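Take a look at the structures below.
Each of the next two complexes has chain A plus one other chain: chain B in the first, chain C in the second.
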Partner chain A sequence: MQNIPQSLEQAKLELKRVFADCDDFCLREISLGTDDEINIMIGFMEGLVNKQMVNADILKPIMIESHKIDLKYNNIINLLQKELLTANQLTAVNSFTDAVVSILSGDTVIFISGYHTALKVDTKGWEGRPVEEPDTESVVRGPREGFIETLQTNLAMIRRKVKNPNLKFERMKLGAQTNTDVYVCYIKGIAHEGIVDTVRKRLEEIKIDAILESGYIEEFIEDAPFSLFPTVGSTEKPDVAAAKLLEGRVVILCDGTPFALTVPFLFIESLQASEDYYSRFYFASLVRIIRTVALVITTTLPAAYVALISFHQDVIPFKLLLNIAASREGIPFSAFTEALFMGITFEFLREAGVRMPRPIGQAVSIVGALVLGESAVSAGLVSNIMVIVTALTAICSFMSPSLGVTTVFLRLINLAASNIMGFLGLTLSLTAFLIHLCSLRSFGVPYTAPFTPLAGADLKDTVIRYPMWAMFTRPRSITRKNVDRMNFNQ
Partner chain B sequence: MPSWIKLITMALLFNLVTCTATGCWNNQDLSETSIAAAMGLDKAEDNKIELTVQLVNPSALKSAQEGGESSNKASWTLSKTGETVFEANRNLLSTANNKILHNHIQIIIIGETLARDGITRILDFLERGNQTNRKADILIAKGTTAKEILSLQSELGNIPSINLANTIDNEDSIGKIKKIMFTDLMKELATPGKDPAIGVVEIMNDKEQLFIKDMKIEGAAAFKKDKLAFWLSPVQTRGLLFVESKISSAVINIPNPLERSTKVAIEVISSKAKTSVELKDGSPVFNIEINEQGDIVEQQDGGDLSSPEAVEKLKKETETAIANEVRNSIQLALDNRCDLMGFGDKLHKEYPQYWNKVKGNWDEELSRVQFNIKVSSDIGRVGLVKTSVLPK
Partner chain C sequence: MPEYIRISYIQLTLLLTGFLLGSSAIMNQSDTARQDSWLAAILAVIAGVAVISMNVWISLLNPGKSLIGILKDKFGNVFGTVTAVLYIWYFIHIAALVTRELAEFMVTTTYAETPIIFVAICMVLVTAYLVRHGLEVIARTSEILIPLLIVSVIIIFLVMINLHEYNIENLLPFNERGLKPILHSSFIMTTFPYGESILFTMIFPYLYHRKLLKASILGVLISGLLILGITLRDLMVLGPDLISRVIFPPHITTGLIPNLDITPLVEVNLIIAGGIKIAICIFAAALGIAQLLGEHDHKPFVVPISVLTVVLSIWIFDDILAFFYWINTVWPYYSIPFQFVIPVLLLLMSWLKTKQRTV
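Our next item is the complex of A and B:
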């Protein structure tokens, strides 16, 4: 570890060398006291620091206020720390590398001639997006603030929800090139220590040059990297993060992204939404049931339709069969081809809708709805019923956003299976997925908990949400500590 | 996990898979099949069997859905003969453009001549195959052929057999026809001491172009074993249905106890019958108890029928009327040596030893069978008025 050189000249040379061609790096030489005997140099990155703070809390005290103090008999470091500098966060650094990293993080570092120690002042202040309602998890009732790209703000938003010293934020720096700040958040005394340790260990083992988004971290710490199902959750909302923390989960915040990771992530969480807890339990339970049904529909409806049309015509009621037969009359493709074609078309539309500039958005909906829906039917390429099946599938796929693209894969695999073997194939592929789900674990917790293994009290927050006053335990599948939510003396 | 849980899970999974696997045949797209809505079986020359199917034409349905007038009919019939039903069925393919889907056959019509020869040999194909709709209604074409009936057009709706099936349901709900499903018919045929009765369809008008409305769909054909024996009129059919507890609703007109020249209409709301048998002096006596419930729905003349005394009288009248109807039906069956009521079956279950003795010449025994009918009637509602409005 390189020490900070005593001589200012030396330090200046070193800094110039490190920050060569970094024109946003600012270095300012000033002197302390009336007789200019103590030379001081401050370094910071332009744009990363709050200039007001640098001016008022560093430059002004050193250059002007110091005149009022007798400097003769004092240790300058002590003097600066204890009497002069009015900045609220001040740390001593001894390593030159640390000083460089601090400057790059938006701190201002003060080098003093004749000392091996420099002072690091937290002057972080850059332009950021204001706190807004996130697009991904919008609610009718509930807090509308969402995380932003600035880590400090995000931490504060969680802290504001959980005013408790047991809420721990542990900092790590990840990414050899980017030096990204990553925080591991958990509530001590609630979170399972084993899980917290595992998170720390997995984060420490990440070897990558850059962490630009929490998705980078997610891929490194997942339990089942090749599984279709996500084993790490993400949220954009501080209230969700706080709720997860209170359930004993660990939240990983990453600088530069509004998406926080939550672990362990269980399958049931893809059916839960923050609003379930803010609205009355009848409504919440109804919505949960609807979401569950929607998940089943979006994964199996096209497959079941193909199975019915191609294999089990005898199961369809006679009059419905006549309807379907009439609408399929003259369609040159098999039901499977039709379902595949429509399914893929919908994915095209969806991806185009996400990726395209907003003003062109309308064009896509017109092309999608009119050309592909209406015209395909009147051209006799697709049957009416297939359009309905696809539309229903598409609508239902938006109801469990955290599963995301998983449902698309499930749908296609089920579709293929049912085209080969009818309902038998559909059953086989669903059974295979069920077995796979049961084999998954997220940070040691079985993915399908609380259903398998059955955890009685945890079922109160699954397909039916019990009233708040009846859900008095934390999910036992995640933590065994301090499970009684109503007992405050633990 | 304990091994027994594993075992149970495996068993459940196995069940789940095998249950859903039934009916799985092969991948055959709906647009490549022709849906058969009805099937008819007749006796053809040279002791052959003529199979008629009524096929649905989806493209005509489609244009009907879109509001256009279609040049094609929504259904058409195909006939082919063969020595067996299966052969005839295969022969159909030489004319039909697609494979024929039999699973949705609503009605199976059997021609009179074939019915007189016996029906089991043609029903075997349907019972054996996995493509039979076991809930299809069976009808006997009286005085005509099934082919004739199936070629009639419907003025209501596109597909005549749907119209026909609805008519059967209507007639069944007023107790005028013996509605029997394929699976029930097979059950009755297989029961010793029970002869089946099947609903009847006949053409009543003699016109050039016939429609469904020109058909009479009522009554029943009584079978002796599997051979057609005689016909039952709608009223006689109702007598049989009373014994079988298959009356869901019926209209009984009885003389008004206050003014016997006019009528009172009783609507039967529910009727439950119980047949029991006892051996008296070595010969069986059948007791038929009918519990009937009805409402007064119409009264042709004045007079207060809502008083308890009048209601009592009405009950008596109803009981007599029903008992007479039932007696006539049973007597007719017994006279023809037909066990439509399943007396033999009853005896078989209650007194097996006795049954084993008599089953050899049960036909003869039938003519000597004694039976008692006890009807207890109840009148629930008299409607919204006490007495009719009379001109004053």
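Our next item is the complex of A and C:
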């Protein structure tokens, strides 16, 4: 580790060498006191610092206020730290590398001639997005603020929800080139220490040059990198992050992205939404049931339709069978081809809807609804029933957003299986997925908990949500410490 | 024995329920007792409780050891290895029988034109995938699937009540031909499926020993109750004459639900328990081979045993009728050494040894 040079000239040379061609780097030489005997140099990055703070808390005290006091001090560092500088956060740094990294993260570093120590003042202040309602997790009832790209603001938002010194934020720097700040957040005394240790260890093992989004981290710390199912959760809302922390989970915040990671992530969480806990439990339970049914529909409906049409016509009630036969008359393709065609078309529409600029959205919806829906039927490409099946599948696929593209894979695999073997194929492929789910773990916790291994009390927060006053334990499958939610003695 | 794999008692109970229900959810093998087969089912449950208690007791007297270890321990290296190999063969044989039965069921009832080997391969493929993940995953999967199966059996039972399909006169006259056919039928039902629970001595070492007996007996009772329910349902709905003529009575029964033909849906549910049974058999065989060879991992043996199971299931019988004839005439006597003679010997030897130690 390189030390900070004692001579200001040398320090200047070093800084100029490090920040050569970095024209946003500012270096200012000033002197302390009336007679120019103590030279001082401050360095910061333009755009990363709050200019008012630099002017009022650093420059003004050193250049003007210092005239009023006796400078016959032995130690200038002490003088600056204890009497002159009015900045609220001030630390001494000894290593030149640390000083450079601090400058790059928005601090102002004060070099003093004749000392091996420099002072680092927190003057971070850059332009950022204001706190807004996130698009991914919108709610009717509940807090509307979402995380933003600035890490400090996100930390503060969580801290404001959980005013408790046991809420720990542990900082790490990841990415050899980007030096991204990553925070491991957990509540000491609630989170399982083994899980926190695992998170720390897996984060430390990440060797990559850049972390631009928490998705980079997610791929490195996943338990099952090749699985279709996510074993790391993400959220954009501080209230969700706080709730996960209080359930004993660990939250990983990454600088530069509004998406925080939550681990361990269990399958049941893809059916839970923050609003379930803010509305009354009858309603919340109903919505949970609807979401569960929707998940089943979106993964199996096209497959079940193909199985019925191609293998088990005798199961369909006779009158409905006549209607289906009438609508399929003149269609040259098999039910499987139809389902595949419509399913892929829907994926096209969805991806186009996400990527394109907002104003063109209407054009796509018109093309999608009219041309591909209406005209495909009248042109004899697909049957009416198939359009209904696809529409229902599509609507239901939006109800479990955290599973995302997983449902598409499940749907296609089920479709293929049921085209080969009917209901037996569908059952076998669903069983295979179930086996896969049962074999997954997220940070040591079985992915299918609390259904299996059965954790009785945890079932209160699954397909139906019990009233708040009846859920008196934290999920035991995640943490076994301090599980009592309603005992205030500890 | 891997120490880190543990399964819970609920999981053991459900595994045992699924294992014993395995084939009984789709077939009704006790037709020698005719209208009294419900009595045979009750007697078989009582015998089943005795059998499972014996198997648990063997495990309790030899803590931490699976069947293979116990055999080697008690019979010496050479004779113990020979019996262990025979047992592994027996497990593979059971897996092949169940595979054949399930595949025949699907081919007979729904997929008339599909080659039976294709159905068998598809089912064993999923089972092998399950077994490769190990006992924990088998237990977790059955913890989700077996309750579903139990619920669907109960629903069929209740739907029939609602539709007034039950005819109590089908159970009369009681005890028409004396006790002998009933006893014979209950003997067959004891060997298939209850006696097969000797296979669970491969799994018992994965549990802590405290409540083993209770959980196992509960599993036998649940499956016994369900088998009794299925037998009574089929008897009362179809009558003993029809039952003796059809191959898969439950299929006919579910087909009788009016206005709605949901048989394919029900059938795929009913084969789940069979799938669990195949999985447990293949697991026990793979684990047995691994332990016999001193390997820690059962995984390398899963695929070969699965292939063997498929081939064997096709090869052993010409058709489903030969299968049923064999099950009812040869199987019970073929099973006696595996299910009763060797276990009783093991129990006596273990018991005498502990007694010597305490005295």
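Just so we're on the same page, the second predicted complex is superposed on the first by the 489 of 490 C-alpha atoms of A that agree within 3 Å, B and C clash if a C-alpha of one lies under 4 Å from a C-alpha of the other, contacts with A are read in each partner's own complex, and residues count from 1 in each chain.
Rule of thumb we're sticking to: contacts are C-beta pairs under 8 Å (C-beta built on N, C-alpha and C of every residue); 3 or more make two chains touch, one makes a residue touch a chain.
Remember, predicted model here, so these are calculated numbers, not experimental data.
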Clash or fit (per the criteria above) of chain B with chain C on chain A: clash
Chain B versus chain C as contact partner of A:431, first or second or both or neither: both
Touched partner set for A:52, first chain B, second chain C, both or neither: neither
Partner chain(s) touched by A:335 [first = chain B, second = chain C, both, neither]: first
Partner chain in contact with A:327 - chain B first, chain C second, else both or neither: first
Which of chain B and chain C A:314 touches, first, second, both or neither: both
Partner chain(s) touched by A:422 [first = chain B, second = chain C, both, neither]: both
Partner, of chain C and chain B, that touches more residues belonging to chain A: B
Which superposed partner A:7 touches (first chain B, second chain C, both, neither): neither
Which superposed partner A:448 touches (first chain B, second chain C, both, neither): second
When the two complexes are fitted on chain A, the stretch of chain C hitting chain B, from 117-125, 207-215, 261-269 or 351-359: 261-269
Interface residues of chain A shared between complexes with chain B and chain C: 311-312, 314-315, 421-424, 426-428, 431
List of chain A residues in touch with chain B within their complex: 309-315, 318-319, 321-331, 334-335, 419-424, 426-428, 431
Contacting residues of chain C [partner chain A, same complex]: 8, 10-11, 106, 110-111, 114, 119, 122-123, 125-126, 129-130, 133, 137, 139-141, 143-145, 259-265, 267-269, 271-272, 275
Touching residues (chain side chain A, partner chain C) in the complex: 311-312, 314-315, 317, 421-428, 431-432, 434-435, 438-439, 446, 448, 451-454
Residue ranges of chain B in contact with chain A within the complex: 13, 16-17, 20-21, 23-31, 33, 35, 37, 56, 58-59, 61-62, 64-65, 101, 103-104, 106, 131, 133, 159, 162
